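Each structure below is given as structure tokens.
Each of the next two complexes has subunit A plus one other chain: subunit B in the first, subunit C in the second.
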Partner chain A sequence: MSLFKPRKLIEYAAMAAIWVALILLFGSLSHNFLSSRTFLTLANRIPALAVVSVGMTLVLVIGGIDLSVGSVAGLCGSLLGVLVLNCHMPFWEAVVLCLIMGLAAGTANGLVSVCLNIPSFIVTLGMLEVARGLAYLVTNSQTKYIGGAVEGLSEPVASFGVSPAFLITVALTIIGQIVLSRTVFGRYLIAIGTNEGATRLAGINPVPSKIAVFALAGLLSGLGGVFLTSRLGSADPNVGVGMELSAIAAVVIGGTSLMGGRGSVINTFFGVLIIATLDAGLAQIGASEPAKRVITGAVIVAAVVLDASRQRLATRLAQSFNVVKRNANTAAPTSPN
Partner chain B sequence: MKLPRFCYPLVIAACAILSGCNKGENQPATGTSNTEKPKIALVMKSLANEFFSTMEQGAKKHQQAHAADYDLLANGIKNETDLAEQVTLVEQMIARGVNAIVIAPADSKALVTVLKHAKAANILIINIDNKLDADVLKQENLQIPFVGPDNREGARKVGEALAKKLKAGDEVAIIEGIPTAFNGQQRRLGFEDAMKTGGMKMVTTQAGNWEMEKANNVASAILSEHPDLKAILCANDNMALGAVSAIESAGKSGKVLVVGFDNISAIKPLIEKGAVVATADQHGDQLAVFGIEAALKILKGQAPPADQTTPVDLITK
Partner chain C sequence: MADAPLLEVTGLEKSYNVPVLSDFNFDLLPGEVHALVGSNGAGKSTFARILCGLTQRDRGDIRLNGRHHNPGSKRDAEHAGVIMVLQELNVIPTLSIAENIFLNRLPRNGGFIRYNNLHAQAAKALARAGLEGVDPATPAGLLGVGHQQLVEIAGALSQDCRLLILDEPTAALSDPEIDKLFENVRRLQSEGVGIIYVSHRMDEIRRIANRITVLRDGRRVATHKVGDVTSTELVREMAGHDLPERKQSARATGPVALRVNNLKAGPRVRGVTFEARHGEILGIAGLIGSGRTETLRAIFGADPKESGEILIDGKAVRIRNPKDAVQAGIALIPEDRKQHGLLLSQSIRVNTTLSSISNHASAGWLNADAESQTATAQCQQLNTRCHNIEQVVGELSGGNQQKVVIARWLARDCDVMLFDEPTRGIDVAAKDTIYELLRGLAAKGKAVVVVSSELVELMALCDRIIVMSDGRIAAEFLPGNWSQETITKAAFSSYLTESEGATAL
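And then the complex of A and B:
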């Protein structure tokens, strides 16, 4: 139900409109932006950032933050390379081990920050260092070329034109939204983010849910790392540096509150699309590196400003829609009399 | 080991006092100090970078083989751009009273001040890898010998190997490193020299910041925008790996050629396969060793403190 509330639909449409505006802008500025290749390239590059951002959305919803996602992705991606290349492990077994690694890192974040009551900012900052260090350790600081053995996940499936990684990402985004808005667990998360004390007084123990959120964020970062290694065909211990900031930007562009209690996984996905489109578009028109940075920063802030007014607009539109519906409902039974 | 910041002045003061005492004691026997093993400090950039970890291993191996000739103190910084940490390292090495510092500066200008202090403390300085800015050195009236490869010349060789497989008028793109890095700029210029001579059309030059994923994204966008592109020249091998996977996922394997620089181990299978046409080997494992050997010779008075160019080899299939 809540997936299709008019208010939500208006919000999704507004996010999509920002994205389309960006596409049209780059379409008019460059020769070949509006081509199927551009969109296939976009679909090919977003999975890693998008799945990491799903986890980040949940963490921000409970009022926490996870700075370790990029490093954990780097660690899991590197581990995948080492397992496949040096230990000759079959691809899928290696993937499972990498996901367990991500889950373990996330669980460690959750246990330390929740059970010992330490701000997640500092705990995950520590994990950022630990995981990156481990990534250098397992790869011996060397880039490893793997090639065909890992590329299957990121190669387009013939009939769809998009990669399995992209399909998994879309599925995870939808599942994430359903979990957040339609399950007891999801409602707990929003309650914890809104007012943790009140949630506890209402008889709900927030500890297991909070740990689970950090564990999930770690697991999804691990998956992001697997996607990265698969796309690049190589394991690079430096991969994912700074990814946490891109993920936070995508989530906040999507309207999730940094203070917790409010968020949408589908809008996060649009946030990722906007960031990726901006990056690809600026590269296609051949903007210089300083210009790219200035423009990207400005667009992030502008998107968040727009988001604030978008939410007010959506609330107002939804209210008038409800008024119309109520009038129609009250009018209907009276008409036969 | 990391000391709290307030300890540094204390440590430096303590060292100054101790060295002062030593001087007093040793003064009658200056002859003996010449027979002592020289202490050489190697100060590098990020050891997380394969290039510098190989460099460190090469230096350590060399020291083990020549253990009687010198002692080695090898240090690197955590983050490629953390200038302050590298400045602190040099200060520590001055405090340790080393005879020579062999340094790969994280920045070609910002390290000059602290190196001036080192020079004032009578320490021989050898510049490797990233060349210090000539203007700033002149302004400070410093002479620091540079021992290292000519990146521009190396990149030109790589570009020429590529040009042989292209014809005049073909579209090419360059993915450069961090635009502020001197060696990156030199490589870009070398690529441009070769492409201009060959008459190729350079459609765009963009920064990949030495990173594989960033180069992959940039290369994907360039391939979409320029469907007739024939080659991508990358300023290091990591970025070449990113470009190759971008070409593969665009379904253009074999139609767009790639070259790199550095000859890291991961690039070898791609050179074999023909996906990467050429790369340059600047003997990364030997770069620090060249610097150390130059320092030893200068300390012994066997060579004048002058610049030395080290070899860069072209690697093709």
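And then the complex of A and C:
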């Protein structure tokens, strides 16, 4: 069960511990912070960034990068508003069209970068501009208020206190992790990210997997855009500006390597939580917007520096766990499962 | 001179979790070539790395010319005159040969490189290493592995050097290149330079070394004068037990498994035709640069072909990429296993099942238990030394890494297996396992094709040897009618007769 290997569990726990520490820190600095309201606010704020970061994790695992996620989210979010307001399309049909839009943008990224062998950095930088421009075009550069028609997705369900968007996000995070660690597709991604040349010589064609990853990242960006528009209740062509950097930060805080070959969707989710908690907590203790950015920036770098020692610690703990397990196994022979 | 050692090492210790060197004693006289032999993981490389400042010792005393030698960095060691040519190639492919050789001491004028001076010095250094006629401005990446190694040696020779450490220097060299290297070593010897020569190749050690020290599990087992000991004794000391005798029985070979017709690919494969039979080990000999590696890569679809035909079991197959090749039942075990073979940061399990992942999955879902079973079974069958199958392959020794690459193809069960230098940089005992393995594969009816620069290896292993020379098959030999001399002659044949065509490349 690679999802629940001791090493992985230890890594998840380490990330969770950092998040809890952050919460306790803000709790001690501001007595209002430790309340269920804070957590509900967090839960309803993170879905867009979190689903985009799931896609970003997969892209970074193959050693690529997708700078267009924020713009694609902006384009899809804007498109949603236009479809609902101007075309009077039913909400769910509009959502499907938006997701197709995201998928198309991502597929274009993948096709151009993989088939023409252009670094994904360049291709997605181009898409960043193209998608943002299209977002302005479809909205005539105006923010359009939509209201109730789209907000349902982001409004807390009475009995849970969290929104459907949050539940979808949690589900997609778990599915993303399972895809990465338990499917052939995920194995190919890790292999390609570790050493694409060797993977090719092992008889695997890396092209379809690579294109699929960019397509998925586009699709998830589209969903992120839908979440954003739903939360704001309006279609804003500026939405999602700079989101690619927050997503990369969340993924990297979660220990995914920018060099490819190593990554965890669950830890990315913790990365998103840490960024969102930092944002909310700093606001609560009255930090100014500039101060927030300085601190967030420092935390991102510190997290990556700490990551190296966290990895070592996890390896050591997992080894000692294996020793215990081996000793137990010598007493009782292992069953074949 | 013999009374004052150049280098004296006493009680050297180093451990990474487990001891790698324990109570190691060693001495080297000026003008002496002292060979260091031992299995992979015996501690040879660690010792060399400590001497040249790449690793710090835990305790022990090292004296160079009577003075304490404890370099904190490679630079420190080079200042003290200790220079090492690493086993792993250390060439920056985008820089020119000259820039590579003089990277840490480029002749300069202010911040500008004095290229004329640099190229003149580099040409001199290259000539000393036996590479006269090579343009120092050539990007190093355009050279073959063998020539890259000579460039490294040229770099070492161009510095003021009192102690030279050569770690498997001939691993990628062909015989004439080795001769040139040895000329250099002898010249340095006559200048009073001490040389530590780490190698697995007994014939070379016999040619060049004065004394041999055997290492096993980080300890010195014995030191011999080179004439006083037989190779069998050395191997026994290294292994700690007798190696099983090689069984050389004639194999009955089956029908033709692989046929290559007039294959052309790039400047190095100029019309190659040969066939390999089921149950046969076919050797491909030839000089470095004669197109052996390129031929295998072209067959496997790793590089594009210009023309030619490939038949598997008599049927023509279209191979445009490695995936096609694997589906046609061809496997390639590449020369550079770290770069082209392995996913170094991944586990033995992931590496083993990579090519047969569909057999370890249903409907796209991995079956972790099946993967573990395959990896465990392969580790046991190949006797791979590891903690467990979740160990990262980058931590394994060269021989065990090679076993993991082979395990991948055994798990895939390909009928035609192409091995490019399967024992490069692997110790004697592990080599024997690999030979046994290749024989076992042939006995199971697989067509095994082995490219190797070690003629002795090919002659001991193969049922048939073909010799490549300048991109073509120059000769074919059967057991009994081959000798080192006839094969070497064949390897040179095209270069001698078509000298114009050869120099144009």
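By our rule, the second predicted complex is superposed on the first by the 330 of 337 C-alpha atoms of A that agree within 3 Å, B and C clash if a C-alpha of one lies under 4 Å from a C-alpha of the other, contacts with A are read in each partner's own complex, and residues count from 1 in each chain.
Keep this in mind: a contact is a pair of C-beta atoms (placed from the backbone, for glycine too) under 8 Å apart; a residue touches a chain by one contact, two chains touch by 3 or more.
Nothing here was measured: the structure is a model prediction, and the numbers come from that model.
Peer 1: Since both structures carry subunit A, what do subunit B and subunit C do when superposed there: clash or fit?
Peer 2: In the arrangement built by aligning on subunit A, the partners subunit C and subunit B fit side by side.
Peer 1: Contact-wise, after the overlay, does A:203 reach subunit B, subunit C, both or neither (first, second, both, neither)?
Peer 2: Second partner only, subunit C.
Peer 1: Tell me which partner A:164 touches in the superposition: subunit B (first), subunit C (second), both or neither.
Peer 2: In the superposition, A:164 contacts neither subunit B nor subunit C.
Peer 1: Is A:33 contacted by the first partner subunit B, the second partner subunit C, both or neither?
Peer 2: Once the two structures are laid over each other on A, A:33 reaches subunit B alone.
Peer 1: Applying the document's definition of touch, where does A:126 land relative to subunit B and subunit C: first, second, both, or neither?
Peer 2: After superposing on A, A:126 lies clear of both subunit B and subunit C.
Peer 1: Angle at the Cα centre of subunit A spanned by the Cα centres of subunit C and subunit B: state it in steps of 10 degrees.
Peer 2: Angle at the centre of subunit A: 120 degrees.
Peer 1: Could you look at A:261 and tell me whether it touches subunit B, subunit C, both or neither (first, second, both, neither)?
Peer 2: second
Peer 1: In the superposed arrangement, does A:194 touch subunit B (first), subunit C (second), both or neither?
Peer 2: A:194 sits against subunit C, while subunit B stays out of touch.
Peer 1: Just to be sure I read the superposition right, which of the two partners does A:233 touch: subunit B = first, subunit C = second, or both, or neither?
Peer 2: first
Peer 1: Could you look at A:152 and tell me whether it touches subunit B, subunit C, both or neither (first, second, both, neither)?
Peer 2: In the superposition, A:152 touches no partner, neither subunit B nor subunit C.
Peer 1: Counting residues of subunit A touched by each partner, does subunit B or subunit C come out ahead?
Peer 2: B
Peer 1: Of all C-alpha distances between subunit B and subunit C after superposition, which is the least, in Å?
Peer 2: Checking C-alpha atoms only, subunit B sits 27 Å from subunit C at its nearest point.
Peer 1: Any idea which subunit A residues touch subunit C in the complex?
Peer 2: 1-2, 182-188, 190-191, 194-195, 197-205, 261-262, 322, 336-337
Peer 1: How about subunit B: which of its residues touch subunit A in the complex?
Peer 2: 47-50, 53, 179, 203-204, 206-207, 211-213, 216-218, 220-227, 237-238, 241-242, 244-245, 248-250, 264-270
Peer 1: Can you check the complex and tell me which residues of subunit A touch subunit B?
Peer 2: Listed in rising order, the residues of subunit A that touch subunit B are 30-33, 35, 37-38, 41, 44-45, 132, 136, 140-145, 147, 151, 154-156, 228, 231-234, 236-241, 279-281, 283-286, 289.
Peer 1: Taking the touch rule as given, give the residues of subunit C at its contact with subunit A in the complex, in rising order.
Peer 2: 300, 302, 321-323, 325-327, 332, 334, 339-346, 350, 354-355, 357-358, 361, 364-366, 368-369, 388, 390, 408, 412
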